[in-house]
């Protein structure tokens, strides 16, 4: 619509430092390439629960895992064209205290994202994902409040896109956007290759991208679409045409 | 996306001859004004169940009600910029036999709509609405079949937008598009004024338009938006940007 | 509310000739005792699918089963204080053609029920029950149409209460009324005892009545409540107090 | 039913100090006028998130906002006929600690409400509303425990009515009571007029009252009903008649 | 449990003549290899809607398509170890009349399946699939009726497994069984290769098998599991152990 | 499947010290009798909310209630063949802090349960039950993390069975396993008789066992099944046969 910015600003709230690459790398690369600012907030490094590869190395410690995860995620974000920061709130379980809420609200106020990307509301396998979802809705609300920190500007009505969980049906995931990421799939692939701690996922998410691409075509996308990512919107869209 | 036509063709499948005006008049006017072809299929005239005003007139007969309804709906369609046809399948209850299915498929094949508009799947107050929904999904499927009537071209993956029922929550209506109809609301108003058999609805749908407009703004539309219509998509959207 | 009739008229639409006794016998007896007119429409006799006891008798025929079922159901209805009629539409599967629709609409127009009782929308074990539900909503809609049969009076906004299916959770049954049937449970018991073809159900529904009674108390009914029946409303209630 | 008190006591648990007026003012006025005791617990003043009008005034501080909000809400409660207290737990986000839980339980034990009014379970726009819902169910449970504070009397099986959220379908709101507030709508209007910090809502909730009134009639209320409020029950009702 | 047969008999009700291969080929091969009788009922050939490859050949006619589809499906069934029959009820749309119902009931009575396999209840892309689902539940009910055709034996409480639709989330598919088909995946692959009219699906369903295999392991299957098929049960399982 | 252990280890996470007996006593006895290790974690004694009988005794104190509850639950566990421990986290409300999470994770790591039993996700009557559900999913996730406490072994993909709440439909409980407990019902009955604080429940759960037994037969269990317990699985099952 007329006042949707040409380059909508994107903020990704990722439970663990790898999630944003696998689940939303295409959306991030696409937005960045078009001139949008994209920022990634990693609530934790996923140091305990999502670093199986690193833990197999001898003499591994939590600190060294975090360092390795930070390096990987930073490299991947750079490839995708996004800035990144790490809140180091711990994982398995992820705990988001009042300080963390304030900090995330601060980021929202400063960056004024038009779009938020995060996890689904109910993943029975992974409660850290739920925590990231809840945190996103909570901080969005606080960031919108006119009476919160009068020195900064309230956030607008940012849409919240939920990215695809590992086992969608068990999580009640009902995608309503199949995003064409064909033009940037090579970028996503390169970013995924930086994630050495979870190498086995590269092939998995490549296949998923192809499959969602096929579905996009089946739902009306041009036949030239090869890869897609699936998203579920939290709020209705607004528009001035039927689409 | 690149191959979404500049002027997507629209087909409206309306259970009764008034439904398309109240529930989708804004979408129709908007599409027509932008150069799209919009065609309305009225499955019935709503002669028995939705012509209370007419039946209050002395000496009214079913045939005269149908005639009046046809005249009104034709006038409203003209105002909105749409062509219209009437299948006269009867109402309360609406029955869609095999002939009617063939005819609707024929229309879909000929007109190649990019977009279908119809009712919700489950309205406990009005089973004719459900019947229109089911008919739309059924005929869409038949029209897509490569082996159906080899002399005509199969339909593509048309999106099905469900328009707002009278009591949305009781019908499980979950709108995911708030369509800005501000620039054409005067046209919709004029079309509504042609529906003399259901005058009391004009004010109702004017208020609804305003209310959905407020919600559109609350969900991120420009503050200049004043009127909107709510829709629920049946299939995921496809796109090359997050929106 | 002020214009709710003192003695609301009740129409029960029962897929098979036994259903109304087991599932709604308490509600029927209660209404009848208070002076309401209660009428039961049995769409079929349940002659094939719900007459196991009768079929075990030697030399049984469909006609004799129907006769026995009719006699039992008539006796039960009399005990409960209701009138009854049988449409004999066949069971397993129950088929409701256009003639049957007309006849049911005729009954609704004549009797002007304030309350309709029928089955749930989705019972995977028994599609005849679904058929009865759909028929109820369809005929209610037709009976309300101002243009239907101008010689009879349109039906008002009758509430549709769904009675409890055999395996509630599998049918998605979500009761929102626990009806105290304590004062008439002896009447329901007597009516159940007339159903000799399905004797094993007497104990089952006696226990169910007790159990729902306990739940009623747990949800705030007086401690003197001993038996209840569970219902799910199809439409919102209207009222002038919070209850 | 026989032991439902003539004047059921009502406790409203309002996330912010304005919510009870807009969303439940009719129910409150109705109960009060009939002789019920109605008490409102405001968990917060809504000082940060719901006082936009006040924050536009120069030199505004949080303390002054709270004061103004307290004055307005107290005036509105007085108009409606309810007593009111403020827990000042903060908003955006609302945090309900153990002390607050104890205090709310204390109020429930003392006042013995028959009816609780609060927000819906899942409002993606406003997590404070969810928090109020969760708090209501949690404190209700504690207040019912026989082993909690033996010096006070356990709470009974109070029904929890959820009032209407701003965007009902997005919140999964399924109203099952349309409450006739026609006789007290002037009182609600007067109470709404005391809420100067959110003036723009007066017209909105007036229109909503009219619209829900129309639906009430459509669902069977007398034609004289002009205004209604929508509610969703949390627990089944119990009754001794079908209604 | 003790009276579950060692070799449960399986009946597959397939809307189109290819569905059973893609969606349930593994389950069929597995059952057949273990000594179960497996029978496939193809309601239609999918001659219009699912034979795109054939229609591209010059001079193709409906009769030749059906013949080719029959040959392919028969060959695939033979590879899988199942018998097959074709009801030729037409597709896009599939219409199941009373005769067809009788015939399917007859097959159920004769074969006494312990297990039924069919489509999901609600696929917005393909109403033929819904029709097959509804037909399965309807005929199962009729086949169970004691008073139906006294010369044949009533069917028992056969479980109905729904197989995976093409776009599971859009169809509300919630799999609750991930079936290990690793030992027979080569057989399924061979059967799929007989389906020359829909060649492009072979790779698709091979990938899907791998993906569901990974999920099976993630949900507790042995690491040796490589391929799986997903199913949703319609009724609760019964068992004498927690599994 | 091949690596499902012959005697799967079971861990029960019970909100209050009685829940495991009433809701899962049959499953526990069955597993124990077959040689499985079964361990019960009571998060609280249910001292405030579920010890009505004890509080009626004169001079009762919280400490004495806890002692009595501990004695009863220990006796019942012994009868059932399970070991038991008590975390004494308080009830009404139950609060599970970080220490408790660590302790439960420790138990999971040590015992390596194949099966977890706990409450449903959403019980509006009893938020302690929800808390136990959430705690189970959270600690399961932590116990699976490779980077958590490198000295102990990660947990596998334990299934989580939810046992039946008091008012199943109001809690959205959809049972998908009816477990035959006929061979151990006498054991469960004996265990129930040890729960003197909640005597009135013995009859209730005996009846429920019978009723669920009838449903098991109706869903295909052998006619010899007399008692069952209902469960809802949280994750899909994996298997190598359709069952």
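Observations on the structure shown:
Letters A, B, C, D, E and F name the chains as they come in the text, with residue numbers starting at 1 for each one.
The rule we apply is simple: a contact is a pair of C-beta atoms (placed from the backbone, for glycine too) under 8 Å apart; a residue touches a chain by one contact, two chains touch by 3 or more.
Note that the structure is predicted; figures quoted are calculated from it, not measured.
Overlaying the C-alpha trace of subunit D on that of subunit E calls for a turn of 180°, given as a multiple of 5. Most remote chain with respect to subunit A, judged by CA-atom centres, is C.
Farthest from subunit E in terms of Cα centroid separation is D.
Where subunit C touches subunit F, over half of the residue numbers in use are shared by the two copies, so each contributes mostly the same positions.
Per-chain CA centroids place subunit B at a distance of 52 Å from subunit F.
Per-chain CA centroids place subunit A at a distance of 38 Å from subunit E.
Along subunit A, residues 125, 170, 175, 215, 218, 235-236 each make contact with two or more other chains. Taken as a contact graph, the chains fit none of the simple arrangements: neither line, ring, star nor complete graph. This structure has the following touching chain pairs: A-B, A-D, A-E, A-F, B-C, B-D, B-E, C-D, C-E, C-F, D-F, E-F. Interface of subunit C with subunit D (complex): residues 1-4, 8, 10, 27, 30-31, 34, 114-115, 117, 156-159, 161, 175-180, 183, 215-216, 218-222, 224-225, 228, 230-231, 233, 235-243. The part of subunit E that touches subunit C in the complex is made up of residues 98, 101, 134, 137-138, 141-142, 144-148, 150, 160, 234-236.
Those residues of subunit D whose C-beta lies close enough to touch subunit A in the complex are 47-49, 51-52, 55, 62, 65, 91-93, 95, 124-128, 170. By the touch rule above, subunit A contacts subunit E in their complex via residues 125, 166-170, 172-175, 204, 207, 211, 214-215, 218.
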